[in-house]
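The data blocks that follow each hold one structure.
In the two complexes below, subunit A is the common chain; its partner is subunit B in one and subunit C in the other.
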Partner chain A sequence: MLSRSWRHFYRRYSQSVTFRTTENSPSQHNENQTGLFYTMDKDLCKTLFSHGGFPRSFAKQTKTFTEAAVMVRRPALDVIDCIKASDLNKPAVRYLLYGENGTGKSLTMAHLLHYAFENGYLIIHVPWVSEWLRRLPRHKEMSNSATHEGMVDVPLDAAAWLFHFKTQNQAMLKSEELKISKDYVWSKRETTPAGAPLLALVEHGISRVKYACDVIDAIVKEVKLLSDSKVCKTFVAIDGFNCFFYPKTRLYTSTKRTVKPEEVTLTHSFLELTKNDWTNGVIVLTADQLAIPEDHAESFLPKYLLYKKGFEHIDPFVPIPVGRYTEKEFLSCASYYRDRLWLRGPAEIDTELKLASAANPYKFMELCAPL
Partner chain B sequence: MNTLIPLSKNIVPVVANFSKPRWELISRHYARPTSFPDFFKNPVFRKEDQAPLVESGELATLAKAPYKPPGVSETSSAYYDPLVNKVINHVMEMGKKKLARSLVEKAFENIKRKQIERYHLASSDAEKAKIELDPKVVLHKAIENSKPLLQLTPVKRGGITYQVPGPITENRSEFLAIKWLLEATNDKERTIHFPEQFAWELLDAANNTGKVVKRKQDIHRQCEANRAYAHYRWQ
Partner chain C sequence: MSVFIKHYKASHLLSASNVKFFRFSSTAADLPLKKEDDDEEFRVLDIVKKRQRQQRRLNKRTDIQPDRSDRMAIDQKWGNVWPGPKTFHPSSVPLPLRQGYVPKGQAPPGKKANAELMKIPNFLHLTPPVVKTQCEALKQFCTPWPELLNSEEAIEKHYPVEIISSNYCHASPSIRNPLSRVVSLRVKLSDLKLDKHARDKFLRIIGDRYDETTGLVTITADRCPAKKQNYDYVNYLLTACYFESFNVEDWEGEKTEDDMEYYDFDRNTSRKNLINWYLKSKNEVKSMSEEEYRDFDISQIDHAEVYKNAVSKIMNDGESDDTLRSYDEAVRKLLGLPQKAASS
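Showing the complex of A and B:
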């Protein structure tokens, strides 16, 4: 009897202690912290994720829990280890996160973004590619590109992204070292001269929305040059990357013709960025089933989602599978939810929840919601 | 609700009582006559209900008797709650139970989010202790608070219809509580979704405020006013 109560005591005690880590710096995370939650600073969340980056359900959760706590998981640690071990003078290494729906690809990416931010990378982060190509609000602004024949611009989205880019890299862009290599002539009266700061280019794109897509194209080229010349190191993160290779988009031209992704100028720029013909950079991509229509999302494997074209585009890449919770991670997550009052009831229901959710992080969260 | 009905109740009235419709004699559990003969028992599918049977040794005899299959939603899950199941059935239209369940669960989620946020905003421990975080408890409280104790029945005497106050059965008052809660919920702006409004109504009712509780109190007040007609119930 006594031993049993001791066991209960121990279990309760251990549960209330081991789901959190005080180590809030991703570069210090290691094997010992797998499965533990670390809290992201509020200001940091504002800088990095105020214009997207967290999945919507997680953003909601941060509001309810009054904190943004991310679990330290194997895939993120793997990538961080790889980045630490790799030589940045070699061509940029491409990491591809893939996995079932709701296993935490985007959150792994958020963790990596935090790492990049901490280590002074210039961040080029696309929160969700489908936002540009597949999501159609009532008035999607579209125009024919002036510079690229037969291509399509999405100027408003591009300007929004530029703003996102600016907020994420406020500190970096202030430094005077990031300079443009050549003159950009937008119109008769508008030019951005060589030697102007990169920030001027970004500002121009935001204030003159018409040129936003061309500005992004210019930024991509400049950032590649700057990284090559070791002025800065660059961290590229694109969520829902496979959307660039799905044969169709939901955009229509004025003649009601469906636009292909390769006809959108943004696609062109970001595909240019994900080539490995530049150095001093890290590229993290995700292949996501949710980025493309359901009827063509039968498998979560990269070769299926990226199609032949996409697979060949990023070909030497490091695949990083993001899986369901392990035993330890699940326990820690359940106790975290209990701590945050998201999950209540007797301890036995954890087993039932684990079975019902198949230890899928998103499903687990969903199942806890009405309890 | 889900306990077994004693054998005598099931069988004896079939011979004795012809005034009642047949299905009332067969089962309280199934709304309509089923394809199962009278002597089929209702299933005991929950561990809590099975435990006393195991203890008293009745289970051994029950196991040999034929019984009806439990419904799809009637599980031995730790989350199963008969009242919640009932509410889901009331929300359901055209047999779309999956949708109804998702709506009710979404409402629970909304309740939980609101309460957890209030919990974190509360300054003292005493305030925190007051906030009910379990949405199921909120639902139970809301229904308990919305149950009317009396009802008005129209009775025609001398060409005039009187609203006569009288007692109400437990079942009917529960039915009315759920019905009123849903009516109050559906009386909303088109842009507000059902789960959101339902969450508000439940929280209001659990707090003993809101439309539904007012409706109950109105009924009580009218019953009080019409007490002079009470004798029409038996005259």
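Showing the complex of A and C:
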């Protein structure tokens, strides 16, 4: 028994490679921490990512590992450096994360969300655009928009998102400063007067699902105004942004006609949000091959995925490539997996695993699963 | 014939001339008659005709001359022996040539009666001394090469248009060859003085006659029966295409962005984005008309030129790691962000 625990102790604490950093604040991360894992606070994970934000496999892994440890990687540091250096009084800068499948675009975004949360940004985070436009559960609630002629609403998804928005910005929304600028009349009896807090608008959208899409539209406009008038600073994160530009969605109107993405009210709102005609904001987007069907997933480069239209919509943007693990990152990841008992066996298999997974983070994780 | 038989029996040493003589003077028909006369011996039925077969003997020709190739003088003029292209002939070539399938343990077949040697084309009429003498003979018809055309560049500069046609010479009743009418005209596109619009239109008119890799325009004509006519025709085509490309038709104004064959930054949304961003960052938001956008001078924006080039490069050359990196750098410069740290 003693020998076993001794071995356990030895395995756990005699790692030749340091793979953890105790610096848990993203704003303090710098070059020295590249390749090291930092642990996100549990409560923070709950606020930020309880309604999506982590890729599904990673969410599962956090359960297995009983912690949400995210590697500090260069793309995230790069964006953080840029945000720190940029002047918020200038129009919002757009960053586009792109890279092969499974290289960690969404996790880089999660890291950045943590940074934004820590620095008191108002977070507008869309966990996965395809959830709205491409994933079809059996009862996808759809209705024709009452306010926009010829457009389509997805009220349930919109309400779910409003809830997500509310959870992420609990603290921010409590402040009284976030007031809306004009009256919103929803129906004869329902109005949100000017000067009401933004939270009221959100609550209204959640309780009156019918108006959820219009509420989102209103929120987008209000947030832009608030940021422009320097009341708050806003962090926009949209994962799978290229889905807005793929010519088709999987939604059908009642006449069985395929809906184009620009005919969905949510698309309209979020494209409005990603324009750079407002200040005091940071916009982080990802272009993901998984967000769109396989017939247009031959390349992971931004112009191909976004089409010319999407490219011009966000132009000028800062392209941030998210690549495979470097030598150092791979080593640290392997040590971390060993620590979590995700990877066992002799140390020699690391080289083989690296070769087999081509240092792709997701593939490496998959390959280690049965070991 | 009886005499012959007697002689035959008496002596085996018969000279060739004798045999010849007797054979000419005898016939096969009188053989049995003579025998009957001489002695009444029992006639053996000679079914196989053994005797007669023995008699037949091939005669060796004595008047064969030695091969011509063996009698050739060492210092003869080869050009006279083999003046023009022709099929291989063993007696005319004093060379120990061998050619063909090599049986195991044997040498390849010799030159006589060798179909392999006759099949292949030979250049025995083009030996260096012959070529030299022919060139000497042709020299009197030539003029000296212009001294200033001393390099390829000089030739290209003074004679930009190249005419390519072929002459055919062969032995047949007609000296005409239908292929000799074909005339090609070749000119470098850069030698034509075209402006931006004209160049675009010229390329559209000539279609696939322009080779992008070499930059050459090749116009070929073969529709007229004579070379002269085709030559005139290619010249006409070049002239017509050239001047047509300068004409601007009314409908050319309707060209939209989708019809563009290349990405022109000045006509695209990115330019508007850039101007909007610039105005917004200076807090001078105003709605501008198309004309105002067009007349806006983007050179007042810092790093706009680099950015413009980077965007055009991505759109025109396609995106790759290189073009994206240059775009990244340009955008960071434009937006005033720190450059990416060199990856370790």
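Just so we're on the same page, the second predicted complex is superposed on the first by the 354 of 371 C-alpha atoms of A that agree within 3 Å, B and C clash if a C-alpha of one lies under 4 Å from a C-alpha of the other, contacts with A are read in each partner's own complex, and residues count from 1 in each chain.
Here is the rule we go by: contacts are C-beta pairs under 8 Å (C-beta built on N, C-alpha and C of every residue); 3 or more make two chains touch, one makes a residue touch a chain.
For clarity, every value in this text was computed on a predicted model and none was experimentally measured.
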item: First (subunit B), second (subunit C), both or neither touched by A:G53; value: neither
item: Comparison of subunit B and subunit C by subunit A residues contacted; value: C
item: First (subunit B), second (subunit C), both or neither touched by A:G310; value: neither
item: First, second, both or neither for A:P321, with subunit B first and subunit C second; value: second
item: Which superposed partner A:G99 touches (first subunit B, second subunit C, both, neither); value: neither
item: Touching partner for A:P155 - first (subunit B), second (subunit C), both, neither; value: neither
item: Interface residues, subunit A side, partner subunit B - complex; value: 60, 63-66, 340-342, 344-346, 348-349, 352, 369-371
item: Of subunit B, residues touching subunit A in the complex; value: 77-79, 104-106, 108-109, 112-113, 116-117, 119-120, 133-135
item: Contacting residues of subunit A [partner subunit C, same complex]; value: 31, 74, 78, 81-82, 85-87, 90-91, 93, 276-277, 279, 301-304, 308, 312, 315-319, 321, 326
item: Complex contacts: residues of subunit C adjacent to subunit A; value: 268-270, 273-274, 276-277, 280-281, 285, 307, 311, 314-315, 319-321, 324, 327-328, 331-332, 334-338, 340-341, 343-344
